[in-house]
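A, B and C are the chain letters, set down in written order, and residue numbers restart from 1 in every chain.
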Amino acid sequence: MNFSPAPLHIPDGFLNLVISLVFWAATIIMVGLAVSKTNKTLGDKQIPLMGVMAAFIFAAQMLNFPVAGGTSGHFLGGALAAIVLGPWAGILVMTAVVTVQALLFQDGGLLVMGANIFNMGILTAVIGFGLYRMVAGQKRGLRLAVAGIAAWLATMAAALLTALQLWLSGTTRLEIVVPAMLGVHALIGIGEALITVAAIAFIEQTRPDLLTEEKSTSGGGRGWVVAGLVVTILAVLISPLASANPDGLERVAEDIGFLDTGQDAPFQILPDYTIPVLGETGLSTIVAGVVGALVVFGLLILVGRNLRRKSPTD
Amino acid sequence: MHAHAFDQYQAQNSRIHRLDPRVKLLIAVGYILSNALLPDGSWAAFALAWLALLVATDLSQLGLAFTLKRSVVALPFALVAVSAIFSPVGEPLAEWDLGFVTLAPTDVGVIRFFSILVRSWLSVQMAILLVATTQFPDLIHAFEHLRVPRSLTTIIAFLYRYLFVLVDEVYRMLRARDARSAGLPGQKHGGKLLWRVKVTGSMAGQLFLRSYERSERIYNAMVSRGYTGHFRTLNPHDLNRRDWQVLILALVLIAMIQVTGRL
Amino acid sequence: MPIKHDSHHEFSLPECNGDVVQIRALHFAYPDGHVALKGIDLNICDGEKVALVGPNGAGKSTLMLHLNGILDASEGEVSIGGLCMDDKNLPVIRALVGLVFQNPDDQLFSPTVFDDVAFGPLHMGLPEEEVYQRVGEALAAVQMSDFSDRLSHHLSMGQKKRIAIATVLAMQPQILILDEPSAGLDPRARRSLINLLRDLPITMLVSSHDLRMVEELFPRMVVMDEGEIVADGLTEELMLDEALLETHGLERP
């Protein structure tokens, strides 16, 4: 079985708690929006369609093609899903894919799943659909070219954000992870782009009714173009800064208070695992431990409130 | 080989298997959360967490080595964390001059690196234990009880159902491609890279269309049985006293691990 | 337990005490312009078991999809149990007509067997206890009682076909419509399916290329070709009409 643990599926343990939770929050907001948008705008036909499409993305990720040197190109599918199904449906489909990969195959962790969904499902949808939406209704050649570029950029942006998350978690050094991730994904992204273009071309040839202009615009308004462009430009600006001049990015992060270089692990909830008021005493670390445990409790109870005894399902 | 061979559920009738899926999901997430909260280098706490995992694995009757064997999936990712060894903070342990750059592993960096590995290794094993002892449809039921939106859980249920069907289809397509990928001695075979990509892309497109048309047939099958846009299922899970006991016990254990990690 | 049956019955059509299916001058064209049905007239009596045969593309599946309103007639009328096909009657008609699709992987869309068999009764709005009871009865009727908790993708083809029938039986329909039930089955699974269909006491319309099964199970046979009914009568008699069979791409068993 060829479930390559693609370097974008972060396992648990590699992101710290704050980064994990921040991206869970962002993901929950976006997925919540996607749920309400798709409920409103899409017909009852869409649920089985999105479900089977999620299975399609999953299965298509197993299609690989030999590239030079024993490596093979793989397919992520986020951009394709967003282009073909519309951005909100694309986000839901990719959310389902990433969830099942994590749960069924441990390809990606649970606590970091928010980040994984964000990188592979939401970011790719924004860039993939946003850029493609820009040229909706234009000539076929242009549309295909833009779809390819969007797929490549989406892959690169996902890789960049993954690298940044790892760095902000104190898991890795910026000057190493950014060039490494971007280097690998520059190649992977080409495969992604080519498959995306070939798949869209094939669909246009055989079932043009599925990709009409009206369809590709109904799922998302002009706002997606703006979002797509902004995110793309951001990614393009950060990449060289991060790879050629990592100190620059560290400085920026430090200046805006993201990163405290004095700490080996930025963003620990309890700095140095002591409570500042109590000083460096044994009591202090125990209190810190209790607080840590309480955080876990609190989160679990928050979730547990939704535990229902046999809730009637509609 | 049939695609469903990679369904990781292991049928047993152990105490762990019989737990309510919600409880198992919450404990697994709590455990992973707890690992993330533990400070670097709290080896005693990591050991305690591992012990807890071993006890759970033992109770599940899967054999102690079960999760261990499957935990290698996360290993390749460890490469990413290697650079943490050369943390700028802490005492340098050595200095390696590679000509163009000087690398200095530090004590803080080494501890950090191994802490990341241990956290990830323990968490992956917990996730493996979760899916090995819980039928996937029950996990979906747990999501529903935990208020994950209906449309998302339904998509996940469809994904799970059709993933196996479509993966089998991919196998058949790949086999058909390979069966015709002949080569003659002395001839360069395999075609140009671009052509190979195009073939793969067409396969993706083909798969997409087949999936799309399948979803239309599924929709018909749903409509003919009364579907009107609201997906209904029965979700017959009840939390009993034992489920609550286990949940509370696990939370206490996690608290103990947290406190140990900070002594 | 397979039950022994004589392979040939003395066929005669039962006296008709009420048409359960009435189709008048039904025309249908797909949105792409392809005309699939050109004036179908068909009546089916309560309790009758009717086979629908004909080459691929004859319009058999299209006709079946009209019987519970998945496709809307371009022209003509379909009525089920005296109810004409309109938006008001549609939910009732869908409860009356059980449609089993050809590919059980399309029909069984839930992760578990239980969820799938319960789908119809739940969407009919039945109370929970009755849903459980109906699922149990339907699975018993297809002799798959032990399979309630199984995952659909772990089943064999023959098992899937049986469960697919159960998903519809759980709705307690008055008419069972099956598209190619014996396709893709090995001889043993086919045999047990034939026995199952024989023993189900319910009106049936079954499309099939399996003329051996048709001969064995269905007293009445309707032959379709190119969107029209070209013959309708006693299976026994039509099977002897070699010219008819040959013209429409059929082969006498």
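One rule holds for everything that comes next: a contact is a pair of C-beta atoms (placed from the backbone, for glycine too) under 8 Å apart; a residue touches a chain by one contact, two chains touch by 3 or more.
Values in this document were obtained by computation on a predicted structure and should not be read as measured data.
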item	value
Touch-based graph of the chains, sorted into line, ring, star, complete or other	line
Highest C-beta pair count, chain pair	A-B
Chain nearest the overall Cα centroid	B
Rounded Å distance between chain B and chain C, as computed from the means of their C-alpha atoms	42
Rounded Å distance, chain A centre to chain B centre (Cα mean)	16
CA centroid of chain A to CA centroid of chain C, Å	46
For chain A, residues contacting two or more additional chains	48
Touching two or more other chains - residue numbers and ranges from chain C	109
In chain B, residues with contacts to at least two other chains	7, 136, 157-158, 160-162, 165, 214, 218, 222, 227-228, 232-234
Chain C residues touching chain B - in the complex, by the definition given at the top	65, 68, 70, 91, 94-95, 97, 99, 101, 103, 105-112, 114-115, 118-120, 122-124, 128, 131-132, 151-154, 167-168, 171
Partner chain B, residues of chain A touching it in the complex	1, 3, 5, 7, 9-17, 20, 31-32, 35, 38-39, 43-45, 47-56, 58-60, 62-68, 73, 75, 80, 84, 92-93, 95-97, 99-100, 102-107, 109-111, 166, 170-173, 176-177, 191, 194-203, 206-207, 210, 261-265, 268-269, 273, 282, 285-286, 288-290, 292-293, 295-297, 299-300, 303-304, 306-311, 313-314
In the complex, chain B residues that touch chain A	6-8, 22, 26, 28-30, 32-40, 70, 73-74, 76-77, 80-84, 86-90, 108-109, 112, 116-124, 127-128, 130-131, 136, 139, 144-147, 149-152, 154-163, 165-167, 169-170, 173-174, 190, 193-194, 196-209, 211-212, 214-216, 218-219, 222, 227-239, 251, 254-255, 258-263
Sites on chain B touched by chain C in the complex	3-4, 7, 135-137, 140, 157-158, 160-162, 164-165, 214, 217-218, 220-228, 232-234
